[in-house]
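In what follows, chain A forms one complex with chain B and a second complex with chain C.
So, the complex of A and B:
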């Protein structure tokens, strides 16, 4: 007994090159679809990780744009606002607070950075409180500053790599003409810390002429505390804004969702192109087998049998193409990630393409649905072929 | 032969094609009775209407008017048209078809081609029919070959086996030897004769070849859409 599936599969082997080219079209679309959705996934996850790895749940900053504040914390930025250091005591005395860490951020234009210069981010931090927040930071070389007034710097992994610095080297802060001695280089953390240069808070306040001022106060609240209620309480402090990292995450995700729509539109176009290719291939095949399909009807095939046969052919093409495309996306995900990072250097750290089982299954289901839809018209057309027409065309 | 059981009975069958406003009668008032186990041949020049008649008898087309009975069952009655689905049901129950161009699926083996009708419809008791038929037609040794690896005569044997796999009551062979040389043509007609005598199969064969047509039990000629039985003694 030979099954409809076997007949359909063997039919596809007749025009191997055409079937192969159609498969390539479907595979490429599946690749684009999985990679784009994987990028969406990966970007979201990487961004979540970056935010979570900041080590604190809330930040207090001088009043200003919360988006800007969030960006500053994530990537460094300009247009910084400052608040008095005394706020540390006001916050720390609150019973909900477990730990705080003050930060003075400074962004300086470094003409030696990159090909045409760039912004170098300096974070003035207190090593004791900062390391309690960021327990995941470890050193490749050296350690934290020896003195809170020293001119010493700790460089993130990428910052050190970029400037080819080792412990013991001196770095010059442009514009300020002040030199710092590199005392530690961090291991790769996969967070924004990799690109940051840390200096002692007191020294940073002196160098950047911001005595007794900070830009940010990171807060970790005690376990079981309702952070929303605490956030409301913090808003009672004068001239500050409270940035909850959960809120930051939400805001950035909102922005990302806009990008998502665009990404999905591109994926849809890729799918439509593949769909047209499939319809064309199957229609050509039906046209070429016009007589044969008519004869199948004389030997007992009902319209539904022919419909099924052609539909299965489409599904086989789509299933194999889908598997190939997903495989390709999985194999090349690292390369795609590197390429995206090259195009978007400020993308979150970590893997940018995240292809999980759910995405694979979803894509496969989508490709099969497309197969079902693409096969509808050719299968319907084939099902309507009358044996008599086939025989007449034989006579002709 | 079961002379008394009527397999096909046609009364005043007419098929008219329209070419613009012009009416072309392809089959013109044909009345014909074919008994179970008959082997009849229909000859005639191109355009005489023999293929159209076979299409009507084989339920591949609806007549314009006339009556058709198959095994006593009324199929067409005075212009009543049957939808394609109904025609297919009748076809797969009653008929096996053999065509000039074989129409074997090139990517399926000989055995798979013979079994193909069973994929769509299977009469009870036909499980081993494909093997038996290939043995009967001397094609068993070629069962794993592809159509491209066998001769034209062998391909037609495979097509006959395919037509026979669901044990049809009537075998319609439209120019079954049209693509074969004289030797292979004689072999195919011999095969049909054997099927007719061995399993009492009703066969209607359309051919251009008078010599082959004479192998049939009864011989008809079509002229201008009308049918005439040929007296073989003359």
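So, the complex of A and C:
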């Protein structure tokens, strides 16, 4: 015996083009929805990974000290403040701390850069602890310093390109008249490391007359630590400022949330349009089968049977459309990621769209619910058709 | 994109009291943006074109900028030709076929009156950026070392040193051997103001010869061809 499901399925096949177009509408809505929710997952995961890759979760420096090359350049190399190296011991003894790396930043005025001179920035680092933090740094040529007291330099890709340096070449620190041998050129990292010249920390302290002093201490905390509480603890140290990357992450997420709300609104509109499409298709179908439904009723079909039949038609459309949309989202996730990366002012590295089983099931459930809601009115209308009126009518 | 990001950030966070937050965000943008950043060789631009063009070409009223690379203009055959004319190969990891060269076309009102062009050159302690102003016949009108790292950079960047290049053309530099540093004719007359920095002095001369050859290939040869299609090139 033919089941209600089979009847519903055959009914949809009677108007193939209309059913197909409705399916496309549902599939596109499902695609947008899955991609958006996948973006929600993926963006945060990718951002977390990038922040982890940066090494430090916290930076400590003397109050009022510019801590990145760009700010240092803007301030003309002035305004650097120093902390005693002994702060490393104070920080390392805290149980929350996994690793630390000290940095001494120095800026030197070079009168022969451009018409009015320019600033050259140098970072004194300890290769051992620094590389543990910045695991993404790789070498195009050479490697790190051979000795912590050596007069050797490692150059970021852009610094080396601008200075036309290769391994074995010499660099000169203007003002100080000190020469360093280039022992390593980093690959382009896309970070401010690209424009930086690294020298051994101890040598930097000697050359820039800052014995036992540093400007920055990068800190990696253990997993699962309450970073806010740890930050508060660090603020107990005298005259330091704490820069937290968790704070930065929150700031980025806040910025991204605006974009997310906009895209979510568009997705909602797409879903509404798809819903109207489904209602329209099923209503048309009910209208065309007005007499047929009347005959079904005269031979004993109850209003609930008709309601069920129409509802199942909606369900089939939504289920197939949902599966197609999810498939489309999975196949095109990389393309969507590239598109988002192009549009967004900032996007972290790695996959931006992360679609997992939970998300697939959740979306499918949402699409089916929307389908069932869309089918309510046409099914109710079909269930209320009066048999005699329908048979007497000229429609169909 | 970076400029846009900065504007956006400023707009979004103008109410935030913590400037630290903005600065860290900018740092992070710089840190992370580059994962998708462009890869390309570094060119040689004037630091402040409005100011520098007026200074290097006093009669100018305006300029246009165009970007050319050996790669796009003629590829490997052109590179081979340029190297042959230079008498030396392009070497190192930075003197490559895809380096974008910025040519400033100089105008007095609407009339083109010359060009300014710069090249990067490896010096003893860092990159040297050598610019020349040229008239429409390819004669040097001004010589400018924008950047040089050396104890003696001041002497080589001095206007008196630059004046020795005035009026010279590619023809004069054709006899200069960039490898041995041997010169004859007018180029031999260029005196090194800092004998201690002989390597940088030679680097400046090599940069000038390369600069003039590139300008000849990029600009003057095509001008000669278009004005006299059947005639011999310079």
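Quick note on the criterion: the second predicted complex is superposed on the first by the 212 of 396 C-alpha atoms of A that agree within 3 Å, B and C clash if a C-alpha of one lies under 4 Å from a C-alpha of the other, contacts with A are read in each partner's own complex, and residues count from 1 in each chain.
As a working rule, contacts are C-beta pairs under 8 Å (C-beta built on N, C-alpha and C of every residue); 3 or more make two chains touch, one makes a residue touch a chain.
In this text the structure is predicted, and so the values were computed from the model without any measurement.
S.K.: Name the contact category of A:10: first (chain B only), second (chain C only), both, or neither.
M.R.: first
S.K.: So in the superposed three-chain picture, is A:162 touching just chain B, just chain C, both, or none of them (first/second/both/neither)?
M.R.: second
S.K.: Look at A:50 in the shared chain and tell me whether it touches chain B only, chain C only, both, or neither; answer first, second, both or neither.
M.R.: So A:50 only meets chain C here.
S.K.: Does chain A have more residues touched by chain B or by chain C?
M.R.: Comparing touch counts on chain A for chain B and chain C gives C.
S.K.: Please indicate which partner A:327 is in contact with in the superposed arrangement: first for chain B, second for chain C, both, or neither.
M.R.: A:327 sits against neither chain B nor chain C.
S.K.: Would you sort A:305 into first (chain B), second (chain C), both or neither based on which partner it touches?
M.R.: first
S.K.: After the superposition on A, what does A:113 contact: first (chain B), second (chain C), both or neither?
M.R.: Second partner only.
S.K.: Name the contact category of A:142: first (chain B only), second (chain C only), both, or neither.
M.R.: The answer is neither, since A:142 touches no partner chain.
S.K.: In the complex formed with chain A, which residues of chain C make contact?
M.R.: Against chain A, the touching part of chain C is residues 1, 4-5, 8-9, 12-13, 20-21, 23-37, 39, 41-42, 47-48, 51-52, 92-95, 120-128, 146-151, 153-154, 157.
S.K.: Which stretch or stretches of chain A touch chain C in the complex?
M.R.: Residues of chain A touching chain C: 50-51, 54, 67-68, 70-71, 110-115, 118, 140-141, 158, 160-166, 169-172, 174, 177, 179, 185, 188-192, 194, 241, 243, 245, 247-248, 251-252, 254-255, 258, 341, 345-349.
S.K.: Would you tell me which residues of chain B are touching chain A in their complex?
M.R.: These residues of chain B touch chain A: 51, 55, 60-61, 84-85, 88-89, 91-92, 95-97, 99-101, 103, 105-108, 112, 115-121, 162-163, 166, 174.
S.K.: Quick one: which bits of chain A touch chain B in the complex? Just the residue numbers, please.
M.R.: 1-4, 6-7, 10-11, 13-14, 291-292, 295-303, 305, 386-388, 391, 394-395
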